[in-house]
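I'd like to ask some things about the structure below.
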Amino acid sequence: MIIAAIKPYKLDEVREALTTLGVRGMMVTEIKGFGTQSGHTEIYRGAEYAVNFVPKMRLEMVVSDGLAEQVVDTISKTARTGKIGDGKIFVIDVQSALRVRTGETDDDAL
Amino acid sequence: MKKLGLAGVGLLAAFPAMAQDAAAIAPYVFEKVVDKGDVAWMSISTVLVLLMTVPGLALFYGGLVRTKNMLSMLTQVFAIASVVAIIWVTYGYSLAFSSGGAWDSYVGGFDKAFLRGVDVTTMVPTFTNGVWLPEFTFIAFQMTFAMITPALIVGAFAERIKFSSLMVFIILWVTFIYFPMAHMVWWWGGPDFLAEQQTLKLIAEAAGDTAGAEAASANLAANGLLWNWGALDFAGGTVVHINAGIAGLVGCIMLGKRVGYGKESMAPHSLTMTMIGAALLWVGWFGFNAGSNFESNSITSLVIVNTFIATAAAGVAWMFAEWLMKGKPSLLGLVSGVVTGLVAITPACGFAGPMGSLVLGLGAGVACFFFVGYVKNMFKLDDSLDVFGIHGLGGIIGALATGILVNPALGGAGIPDYTSVPGTLQVAEYVFSVHFMNQVWAVGFTILFVGIGSAILFKLVDLLMGLRVANDVEREGLDLAEHGERAYNM
Amino acid sequence: MKKLGLAGVGLLAAFPAMAQDAAAIAPYVFEKVVDKGDVAWMSISTVLVLLMTVPGLALFYGGLVRTKNMLSMLTQVFAIASVVAIIWVTYGYSLAFSSGGAWDSYVGGFDKAFLRGVDVTTMVPTFTNGVWLPEFTFIAFQMTFAMITPALIVGAFAERIKFSSLMVFIILWVTFIYFPMAHMVWWWGGPDFLAEQQTLKLIAEAAGDTAGAEAASANLAANGLLWNWGALDFAGGTVVHINAGIAGLVGCIMLGKRVGYGKESMAPHSLTMTMIGAALLWVGWFGFNAGSNFESNSITSLVIVNTFIATAAAGVAWMFAEWLMKGKPSLLGLVSGVVTGLVAITPACGFAGPMGSLVLGLGAGVACFFFVGYVKNMFKLDDSLDVFGIHGLGGIIGALATGILVNPALGGAGIPDYTSVPGTLQVAEYVFSVHFMNQVWAVGFTILFVGIGSAILFKLVDLLMGLRVANDVEREGLDLAEHGERAYNM
Amino acid sequence: MKKLGLAGVGLLAAFPAMAQDAAAIAPYVFEKVVDKGDVAWMSISTVLVLLMTVPGLALFYGGLVRTKNMLSMLTQVFAIASVVAIIWVTYGYSLAFSSGGAWDSYVGGFDKAFLRGVDVTTMVPTFTNGVWLPEFTFIAFQMTFAMITPALIVGAFAERIKFSSLMVFIILWVTFIYFPMAHMVWWWGGPDFLAEQQTLKLIAEAAGDTAGAEAASANLAANGLLWNWGALDFAGGTVVHINAGIAGLVGCIMLGKRVGYGKESMAPHSLTMTMIGAALLWVGWFGFNAGSNFESNSITSLVIVNTFIATAAAGVAWMFAEWLMKGKPSLLGLVSGVVTGLVAITPACGFAGPMGSLVLGLGAGVACFFFVGYVKNMFKLDDSLDVFGIHGLGGIIGALATGILVNPALGGAGIPDYTSVPGTLQVAEYVFSVHFMNQVWAVGFTILFVGIGSAILFKLVDLLMGLRVANDVEREGLDLAEHGERAYNM
Amino acid sequence: MIIAAIKPYKLDEVREALTTLGVRGMMVTEIKGFGTQSGHTEIYRGAEYAVNFVPKMRLEMVVSDGLAEQVVDTISKTARTGKIGDGKIFVIDVQSALRVRTGETDDDAL
Amino acid sequence: MIIAAIKPYKLDEVREALTTLGVRGMMVTEIKGFGTQSGHTEIYRGAEYAVNFVPKMRLEMVVSDGLAEQVVDTISKTARTGKIGDGKIFVIDVQSALRVRTGETDDDAL
């Protein structure tokens, strides 16, 4: 399973790149990202609040082992802006996958 | 009615001449004329003040709290308005606007409880001789003032008060603080009554009938305490705003800070709602201010112009002050200034001129920005929605400024005088040392009376049932714990 | 105009005397006087009723549905109001407020279709002899009633009806149910016409001219069916609320429950919006109720006071009943009570006294709380937004109560009588068995007429094009499926 | 006042006769009568126009932008309204509504700067001889027009303009574009002044006093340029809507497209807010249109009826056109049509008849739908919130249609003529080639004047301080970058 | 750890089924799902937007190895409608679990 | 990768603790938590709804193996209130990590 945190506005671009690569599905979550990229300060009347998270998109997809490397590659290429806060990509081993509709398992499920 | 109208006008027009030579002085005769245009304006003004309260004030406050407390804010404002409306017709109107006998300087009596004696034929005076309003019109308009004033207070201790305790407190507060205040500031006999009594006095004096003269003098003085002090408050700067502002200050001190205050983020959950609320406050405030003229004439329009200018000026002033001092012009700053301007112009709206209002707005906007943005933090005061910083302080600034801007030399309307030429409205000479000090005394008295009174009531309720919710409840939010609902299920 | 005014008043004032002795009876002469104050009040009242509909009602309903159906709710209310406005000026006004010839007791004709014959000089009567309004003023005000009534219905079958079918149903419903109902309840000749005909009748009788007398009697009776029954409905409790409430009840039964009803959570997606809607309903309702007085006078103010009290009372009553029975006072309960109070006072607002209104409000609030909170569930009725529970039931309670509270002994205004002394408004003796029963008959008739009529129309549309959306559409939500949009993209 | 009233009416009534035979011609005498009903209506109209701006317009626009730019939208509208209000009383009113001496055809002077010379006794004329308004009433009403017009523009370049630059631009724009436009279209002497001068002219001519005749003629022509051209604009279709629409068009072209335009989704973040805004625009627009009648009479009601019909018709037309062409009827389509209808009827509302308004609404709704839905995309124009597509185009359609629908043969009110029978309002013969062309010229002139003027001002500000925010700021959103807040913290 | 994407309205059903099975807790996230199930098109005035994600619910729970298979089974059974978009189930190996309140670890923590 | 569910108002505290510990980034998601901690009931007019989830914060961070234990420790210490609903912490093995901006991998990426 590949988990990536990217800048929100890069989502569409990354998705398209991955589709062309053959990735057939993924789960996307809006998250609060904490990292070296600092947040901002908000002022409401007297009160000042330091918001130290940055909105990011979390991508999560399971792909066949063969595809994994290319996927990581594509994401990092497409999501890169060179500016701080571009995000991270993590790879985790999946034991089994299953497509609810058909009951197909593992690679057929993806 | 029209016929009466003419008659009335005729008489009034004819009168001054007579008034001059006390020799051939004749009793003051007058007709009570109701103009449908006045009734139309007062009716819509009444509706506008309701608009200020719900949804206006409810949203202005609601948007500033956290999501988990949104409903508590809305419910508090809505419930207070409803409960006070019921109290108003049962005994509130009577306590505020009927004679209190021996206590008349401080509070009214119970003669008009349950609106006894009021029907579609009874009338109340306006500020113009011979021009009257149906009593029901006046009852409805004043009702809305009684509804919104206590609702203003809740912003000071938002997100932590027990709903049940709040309800009890509000019932006590309007009974022992608001109705007396309204009576002390607004209870008087009206222009025709004054003209009548003044004339009787002159006649009695001319006839050497001292008893009669004294009786008349007594009647001339049968007004609320602050009215007799000569305090100027066109639309309720003292009764409504200083009153609520001080009560709020006392409340937030006695309830203490919110859990996590200063540590966790308590950012407004929806400035959109706050903007809607502020805008509706502005819109509705024209009913509040211009309705307080009780007539639909050129003065009504002057009040409208003043209310526009002072408000815009305060909004812009706050915004630029913030831009300068904190680096960015915020919407919350702008609308906070707008509300500040509305508060500040309230007592002055019928006495100041347009340029005086402009200056007042600018001053109040900057002053309240500094209090809310700096001073308040120094005192670590959790006046959560700045009830004191905006209504209290803004009201005080406005009340004092009224004593200056009323000066005709500054474009003001001058000090009204109904008795020197009975039957007409004359402008008395403006004397700073007198008329400004009148305002100072009135403000001082209000601060003491309301401050002490509210403190006692808060303490009482605290002892009886506790003012504050449990910590866990505060963490979970009042909406679920106190009202069993969530504001949003999206 | 003013000149006419005086003349008119003069005549009217002069009249009663004559009326007494039928001997020297003279024909009733009158002038049509328009007062700018009345026009101003009616104009703003018209605007206020629009405010009730959009955004008021749209938000009150919209906040109660799930996010995925928010836009469908808003679109339905907004589109209905717009479509009916167009129908109103094309043939609706004519069907409601022109003579229907042979059918006159039940519905008007087409003489005024496309507002034929209406211009800035034509006038309509008010409830006071000699006081008239421009016909356009009346058309605009009544238009807003026609716009909001059908929009009230949609809450009963929210989240599941097909937009196209709804539009067709509404067009049929206003044509065959609303316009006839309005005609039956509100169609009459006005005070001056009655005075004129009554006088002619007396003269004819005095002169032994039976034919003339009969003609005059016929004219005196040329009113809507329920009007002739003596049904009292000051601002539309029957025509608007019972009417919409029953239609909603029939609709929700015929469409059936929502998918997942009772299983899935269908919690309101934004009580904030519901609160705004309820508040704007309250604000706008003053135009609805007090505008129905057609004049800007002390009665207007009485109506305003009554509308305040009954509403506040019902809101508080519902809130406390819920607090007692369900453990917590909720905002939704409070505002539901507020709307209930507004509905209940509508027919009574000009007939009851303030204390009568207080009692009515309390009663209606508790009654509707019990129906909505318990009874409704027993019948497993998916009246999604409680159109029947609040408008239907509240309207019925109000209509019946009007027959009691109108009694002067209870502070009511009494039964109006325009003919016993032509040219003046007298108060007829109140007889419970008569005047209460009038209300009972009127309510009963309305329930039957609207119930059966609506059922036929729903069935018809169902056969023609199907009333309900497919299950998948209901799951996905009407916003995307029917309107191609989402309410929020946050 | 009433007394004057009668006198005035008497005189006016008496006058026509005399006017006929120039032989025994007498100078035109008149009294300035203020009716409280008119003042009440103008006061509430003023409040309604504020309601249109805040929260109305702010929400209509705000709901259409993305969450990250919500506050910028609200702040821009709110701040513009406030700043312009201050400018209005300092010099704006004077530039728009005082004599400009040599420049009188184009712009006013500074005689009334800081409202010099204005007090509660000064009055302004209405459209009826002998009927006047307090000058403050007029100042307040016109102030709201000046506040909303520039606020309309910002929708065209939403989500990308620098707040500071916008403020500077707006101050320049109202000074050099809006005030002159208002002066050119609305500056005239009023009915009584025209009657007076026309009479003097006749007398002078009769007496062979050419100098006097010329002087009078000069006075008769001392009006704004477009007024003298005979342009018809009842409530500001040209001054407000075409004006703002063109400025917006120029602005969105000069600022360029938003980052990601056409690529990323820029779906409205809350159509709920947009619906509330549209509804409040409709509600408030009655003050805008019917208030422009300056009186509370049957014409006021005609305007109200027209405003209802045209609006409903345009909303329904847009909705069905969209249903037909794009497959689904959307809420956004419906409310866009509603606003289009309001814009289109604005110049015509007092001149057209109800059926003419119906046709105008239907036409404007369909036309603007096609422009916004198709044409605009062809030009790849990022007029983000369709300021031109709705206000510009709708305003142009309305202005031209006014030249047709004013024709009495089409149920219109006809061309007003105050001079042929001094002291009365006559209807001049309608000549298409003349009166329609008047509209064409006025529209053409406005497009050129505003187009070129705005372009220069945008360029100027761009050179001085840059109009547009940096890309990163645009990505992050203006709320955080420019105002340091977020609209929602849920 | 079992991660599943299912149709939102199936959440309650699935949850109940799992509870009866003995699953004592889970984390649920609203996600944007991309897959073969296509989204829809939205039209706002002139602008048309193809929304190509579908709202889904992401279930994430850690269960004792013994339970894993049944859980996967139960989810797929309950969540299945046979229509495209039913979702996926993935299984990942967990090294350790801990209950914050008590400090219990691994199976005791679940 | 360490995944934790904690009480929302503990987020700031936990984050600070972790930062001092040397954790340089994380992904935070608002989730619906199901567990032994029961939810609440809401009443809307006639209808009562039992809401059986509790709002929680889901923390997800990848740290070098050396740090893992301390991190789990710190979280459990800081997030603990002793009351039911404190949450859970799970540890999962990560195969690879990558920083999009620089392309650095594994420990350098964190």
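Order of writing sets the labels: A, B, C, D, E and F. Residues in every chain begin at 1.
Rule of thumb we're sticking to: a residue touches a chain if its C-beta (ideal position, glycine included) is under 8 Å from a C-beta of that chain, and two chains touch if they have at least 3 such contacts.
Treat the numbers as computed from the prediction; the structure is a model and nothing was measured.
Asks: By label order, what chains touch subunit E and subunit F together?
Replies: Neighbours common to subunit E and subunit F are A, C.
Asks: Please state whether B-D or A-F has more C-beta contact pairs across its interface.
Replies: B-D
Asks: Just going by residue numbers, which of C-E, A-D or D-E has an interface where over half the contact pairs are the same as at A-B?
Replies: Residue-number overlap above half with A-B among C-E, A-D or D-E: D-E.
Asks: Which whole number of Å gives the spacing of the CA centres of subunit B and subunit F?
Replies: The mean C-alpha positions of subunit B and subunit F differ by 51 Å.
Asks: So what's the Cα centroid distance for subunit A and subunit C, whole Å?
Replies: Distance between chain centres, rounded to whole Å: 57 Å.
Asks: What parts of subunit C, by residue number, touch at least two of the other chains?
Replies: Each of 2, 35-38, 40-41, 44, 265, 267-268, 270, 276, 326, 328, 330, 332, 484-486, 488 in subunit C touches at least two other chains.
Asks: Any chance you could list the residues of subunit E touching two or more other chains?
Replies: 29, 42-44, 92-93 - these are the residues of subunit E that touch more than one other chain.
Asks: Which chains are in touch, pair by pair?
Replies: Pairs satisfying the touch definition: A-B, A-D, A-E, A-F, B-C, B-D, B-F, C-D, C-E, C-F, D-E, E-F.
Asks: What does subunit A use to touch subunit E in their complex?
Replies: 1, 15, 24-29, 60, 62, 92-101, 103, 109-110
Asks: In their shared complex, at which residues does subunit C touch subunit E?
Replies: 260, 263-264, 475, 480, 484-486
Asks: Any idea which subunit B residues touch subunit D in the complex?
Replies: Going by the criterion above, the answer is residues 2, 5-6, 9-10, 13, 35-38, 40-41, 44, 48, 66-67, 265, 267-272, 275-276, 278-280, 282-283, 286-287, 290, 295-302, 304-305, 308-309, 311-313, 315-316, 319, 326-332, 334-335, 338, 354-355, 358, 488.
Asks: Can you check the complex and tell me which residues of subunit D touch subunit E?
Replies: On the subunit D side, the touching residues are 265-268, 326, 328, 330, 332-333, 336, 372-374, 376-377, 386.
Asks: Once bound in the complex, which stretches of subunit F touch subunit C?
Replies: 42-47, 49, 51
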